[in-house]
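Below are structures written as C-alpha cells.
Each of the next two complexes has subunit A plus one other chain: subunit B in the first, subunit C in the second.
What follows is the complex of A and B.
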C-alpha cells in the first residue's frame, strides 16, 4: 500500500465520547467483584462460626452445641477455673517453654554446623532429617514409654518436655538451616579476620541475622508443644502436671455428657497465651531480613 | 608489620585442575604489592590462602617469619577489605568499626577515641549512627577500610575493593588508598583484575594467569620488559601489537624480518640475540612506539598502511590501520586529521621492539 493511500483517522469531535475499554469492563468486572466477595464472605463465616460459637457458649450458662443468643454470664469461666484451668495453663506453659528453649538451642547449633561445616554424608543426613519430620510420634511413644520406665523418667514434666522438643527438632533444624544458609559467608569471614571465635560469630553475627527464622522455629515449637495431647498423656499420668490439652477431656468423658459451657470457657482460657504470643511476635517478624546493606549484590 | 613469603604454594580443589600452582612470592615489609590477572587466574584463591580461609594443598605460607598454614584466620593478625565490603548489616557503623577492638577488650574510652579518629580521617563521621543499608557504595567502602585500619594489622589484604564503585569514585579512591598507605605503611596485598589499578598503585605488580605467577616486577619493568607474551599483552592500553617475524643470520650479522620489512639488528641487541638458536619469533610493538613516518627516510623501518578506524580520545588518538593482512594499532598525539581510508606511512621504533620466542612465548631481548 503506498503511503499516499494510507488513511489517517481524524478525531471526530462531534461523535459521542465512549471510553470503550472502560465501559466494556465495568459490567463483567462488577459481577466478578461481587461474586468473589460473596464467596470469600461465605468462607469467612464458615471458619468464623466455630469461634463465634465458642465465644457464645462460654458466656452462656446453658450452652449447647447450637448457636444461641449470648447470655452474658461468667459462670462458665468460674467453673473452668475451678476445674483446674489455671493449673493446666501453668503446666502447659512449663512444657511449652522448656521444650521451646531446648529445641531452639539444639536446632540452631545443629543447623549452623550443617549449613557451614563439612559434615560426612551431609546430603544423606539432611534427607534423613527431612524424613524424620514426617514420622508420626505414635510410632515412638510405646518404646519411649518403656525407656522412660526403665530410666525412672515417667511422670516428670521436664523429661516430657524433652520428648516434646525432640518431636519438633527435625523440622526446626530444616527450617533454621535454610535461614542460616542465607546469611552471607563473607560476614563470618570478616568477623573471623577481626579475631572472633566461632561461638562469637554464631552469637554476634549469625543468630541476629537469622533471628526471624529462629523466632518462627520457636513459635512453631511452642504451639506444637502447647497443643500436645498424646505425649503428656502417656508419659505423665500425674493429674497435677496435666497440661491443658489433656485437662480439657474432663469436660467430655464423664457420663458421656459434654459440658459445653465450661468446655468453651476452658478452651478460650487455654488459647489466650498462644494468641498473645502471636500478637507480640507478629510485629518482630515483620522486620524480615536485615541483609540489605551488609553485602552488596 | 611483617614480610610475606609463599614457597611452592599450590591449591587444588576437588576434581579440578590447580587453582594455584607452585607459587613463589616474596613481599617485603611495608611493600604494596598488587596481584593482578584475568578472572580465574588464582589471585583470589591466593589471597584467601593468605587470610586462612583456604589451606594450601602444597607449599608453605610465612607471615612475619612464622609458618601460617595451620593458623586460623583470627590468629593471623591480618585485616581484610572484601569486594562486597562485608559490613555487619544489623550493627551501626560505629559498632562495625568497634567490632574488632571489642573482641580484643580495648577499654571503652580508647575504642570511642580511635573510632572517631578514623571516621574523621575517612570523612565518615556523620555516618556513625547509621546502618550499612543506609549508605552508598563509596561510603560502605570507606567504612570497610576504616574497620581494617582500626585492626592495626601486620598485613592488609584487599580483595578488589574498588570494583563495585563507579569510574570517577574509583579514580579518587586509588589516590586515597595510596595516601593511606603512605600514612600507614603496612605490608599490603591488593588483588584486582584492573591493570590500571595495578600500574598506578603498586610498588610491585604480580601478574598471574592459569594459577601461575607470570612475572613480578615494578610496574615500569612489567611494561617495558615483559617476561612473556601474556604479560606484554595484559599490560598496556591499547594492547601491544604482535606480528610474526623471522630472525636471519648472514655475513652482515643478524636481521629481523616482519611485515615485509627487513631490519638489521646492530649493537647490543644484535649481539644478544646472535648466539640464540631461534629463528621464528613474535615481534611486539606497543602502539605508542609506532609513529607516522617523517618525510625524510630515516634509519627506522617504514611501512605503508591504510587507516581503518580512528578513535579520538581527546589527549591522544588511537588509529587502527591495516598493513597487508595484519592489523596495527597505533597511538598518536591528538588531532591527526586522519580518516578511514587514508594511506599512511608508519615508522617502527626498533629500540622499543620486543621479541618473543614463538614456541615458548618468552621474551628474548
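What follows is the complex of A and C.
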C-alpha cells in the first residue's frame, strides 16, 4: 500500500471552533448586539468618571471636588512636588525595590526546592504557605511593631521593606512553585549528568526558563509594596522616609483645607509608575488578561 | 535457606536503613529553604503566636503599661463583648464585605463579563481597560478620588442634584462601599469572564435550541456550571476585603464618629490612637476568627465540586 492510499483523518478546518464566545453559530439579533455594546459602553463611562475627574483636577488650577470644565496648567504638579511628592515617591521606590528583590530571591529559592527536591513534610508546608497567603496583615502588625520597637528597628525603611517582602513571600512562593512545576526537568537532569552543581543548574537552567514567572511575581510584589499604606504608617514614623501613600494621606489631612488640585496631581504622580508597569505586564501576558486584549483563542 | 537466616545480628545492624528507591534529601535543600523559612518564621509565625499572647494582656503603646504589662486573661474579650462600638464595627465589616465586596463586585463583574462576551471587541477591550485601571490605581489614590466625590460640592452630590450635601457625613458607609466596589470589580470581572469562557458553548447552544430564554439559560445552565469559579471568587473577595484598611481610613478615618470604623480600622484606632495594644490585638484576633468562619463556609460550598472532580 502506498502512503497516498492511507486514510489519515484530517481536522475539519472549516467547522467553526468553539471559542467560548457564543456569538459564532447562533447569532443574536442586531438590536441585541447594539444594545449590549451600548450598555457596556455606558458602564465604562460610569467607571471612567472618577478617573476623568482625577485628570481634570490635576490640571485645573482652580480644582475643587466638583466636576468642572478643564483648564490646563501645571501649577498643581509644582505644588505637589513642593509638598514633598518627589521625596515620598523616592521612598516608595526604595521600599518597593528592596522588598521586591528580597521577596523574589527568597521565594525563587524556596519555590525551586519545593518543586524539585524532596522536602520533609512538603505537603504540610505547601498547605501552610497557601494558608499564609490569606492571613491578613492586621493581626501581624501589632506584634511586629512591638518586636521592632524592642529591637530598635522602627523608623527604618530597610526593615519596613523586609516586612513588605514577607507579606508577599507566601503568594510568590506558591506562584513560582506552580510555575516551576511546569518547566520540564530533562534539561536539569541532563546538566546534572554532565556534572553541573546544584547552584549552576539553578542559575543557568531553571531561572532562565522560569523567568516569565519570576518577572510576573516580582512585578506583583512591586505593585503591592508601592501602594502599601498601613505597614509604613505604623512601622516608620519618620517623615523623611514616608512613602507616597502615607505622604498623600498626610497631605490630605494637613492644614484642615484640602487642596484638591495639588492632591490630584500628587495622586497621578504616585500612580503613574504602577499604571505603566501594569501596561507593560499586560502587553506581555496577553493571554492572562485576555478580557482586555485580543481573542487569541 | 533464605537471606534472613544467613544474616546475623551484626549484619542487620549495618544494613542501610534508608530506602534506595526514594529520593535523597539534599543538603542544599535546607540551605535554600532557609531564607524563606527565616522570613516566614520571623514575620509570620512568631508574630502570630505573640499576637495570641498580646490579646490577653493589657499592653499599651505609651503609658504605664507600655513596659510593665501583665497578663489579664479574658479582660480584653470581656471588654469587647460589652463594647457597643465593637459590635457595630463587626456589623459594618460584614455589610462592607458582603455588600460591597461579594454582592456588588460579583454582580458588576459578572455583568461586565456577560456583556463583554457578546460585545464588539473594541468596546470590550476599552471598557475592560478602564475597569482594570480602577483596580491598578494605588488604594490611596482611589480613597482620595472618592473622598473628593463624596464631599459637599463633590461630583456625587452634583449628580444627585443636591450640591450642598456632604454625602460623606450623611451616608458614609454607602459612599465607602461604592468606592470599594468601583475599585474591586475588575478582579471579579477577570475571574468570571475566564470562568465564562470555560463554559462549553455546546451546552448553552443546546439549551438555546431547546428554546430556553436568555435568563433561563443564564440561571439554569451557565451559573450552575460556573459555581466553583463563583465560589472561589467570593472567597478571594472576602479574604481581600475583610482586612482592607487604607481605603476607609484615608476617606473617613472611621468616622464620622465610628460610623465607618470597620474592624481593621477600629483595631488601628484602639491600638495606635488610644494606645491600647492589648485590646487592639484582641480585635484583630476576633477579625481573624470571623474571616476563618466565612472561609470555612465557602470551602464547604466548594467541597461537593472537588469531590465530583475526583
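Heads up, the rule we're going with is that the second predicted complex is superposed on the first by the 246 of 297 C-alpha atoms of A that agree within 3 Å, B and C clash if a C-alpha of one lies under 4 Å from a C-alpha of the other, contacts with A are read in each partner's own complex, and residues count from 1 in each chain.
Convention: contacts are C-beta pairs under 8 Å (C-beta built on N, C-alpha and C of every residue); 3 or more make two chains touch, one makes a residue touch a chain.
Since we're looking at a predicted model, the values are computed, not measured.
When the two complexes are overlaid, the chain among subunit B and subunit C that reaches more residues of subunit A is C.
Looking at the shared chain after the overlay, A:196 reaches subunit B, while subunit C stays out of its contact range.
By the touch criterion stated above, A:152 is placed in contact with neither subunit B nor subunit C. In the superposition on chain A, A:205 makes contact with subunit B only, not with subunit C. In the superposition on chain A, A:184 makes contact with subunit B only, while subunit C stays out of contact range.
In the superposition on chain A, A:162 makes contact with subunit C only, not with subunit B. On subunit A, the surface patch touched by subunit B in one complex and by subunit C in the other comprises residues 290-295.
Residues of subunit C touching subunit A in their complex: 22-26, 28-29, 32-33, 35-37, 39-40, 42-44, 46-48, 50-51, 54, 59, 111-113, 115-121, 123-134, 136-141, 144-149, 151-155, 158, 163, 182, 185, 189-190, 193-194, 196-202, 204-205, 208, 239, 242-243, 245-246, 249-250, 253, 263-264, 267-268, 271-272, 277, 280-281, 284-285, 287-288, 291, 295.
Chain contact summary for the complex, subunit A toward subunit B: residues 184, 186-187, 189-197, 200, 205, 208-209, 290-297. Contacts from subunit B toward subunit A in the complex involve residues 51-53, 72-75, 78-80, 82, 84-90, 99-100, 103-104, 131-135, 137, 140, 147, 151, 164.
Residues 18-26, 28, 32-33, 36-37, 39-41, 43-44, 47-51, 53-54, 57, 64-67, 102, 105-107, 109-110, 112-114, 117-120, 129, 132, 134-144, 146-147, 162-163, 165-167, 169-170, 173, 198-199, 223, 226-227, 229-230, 234, 244-245, 248-249, 252-253, 258, 260, 263-264, 267-268, 270-271, 274-275, 278, 282, 289-295 of subunit A are the ones that touch subunit C when the two sit in their complex.
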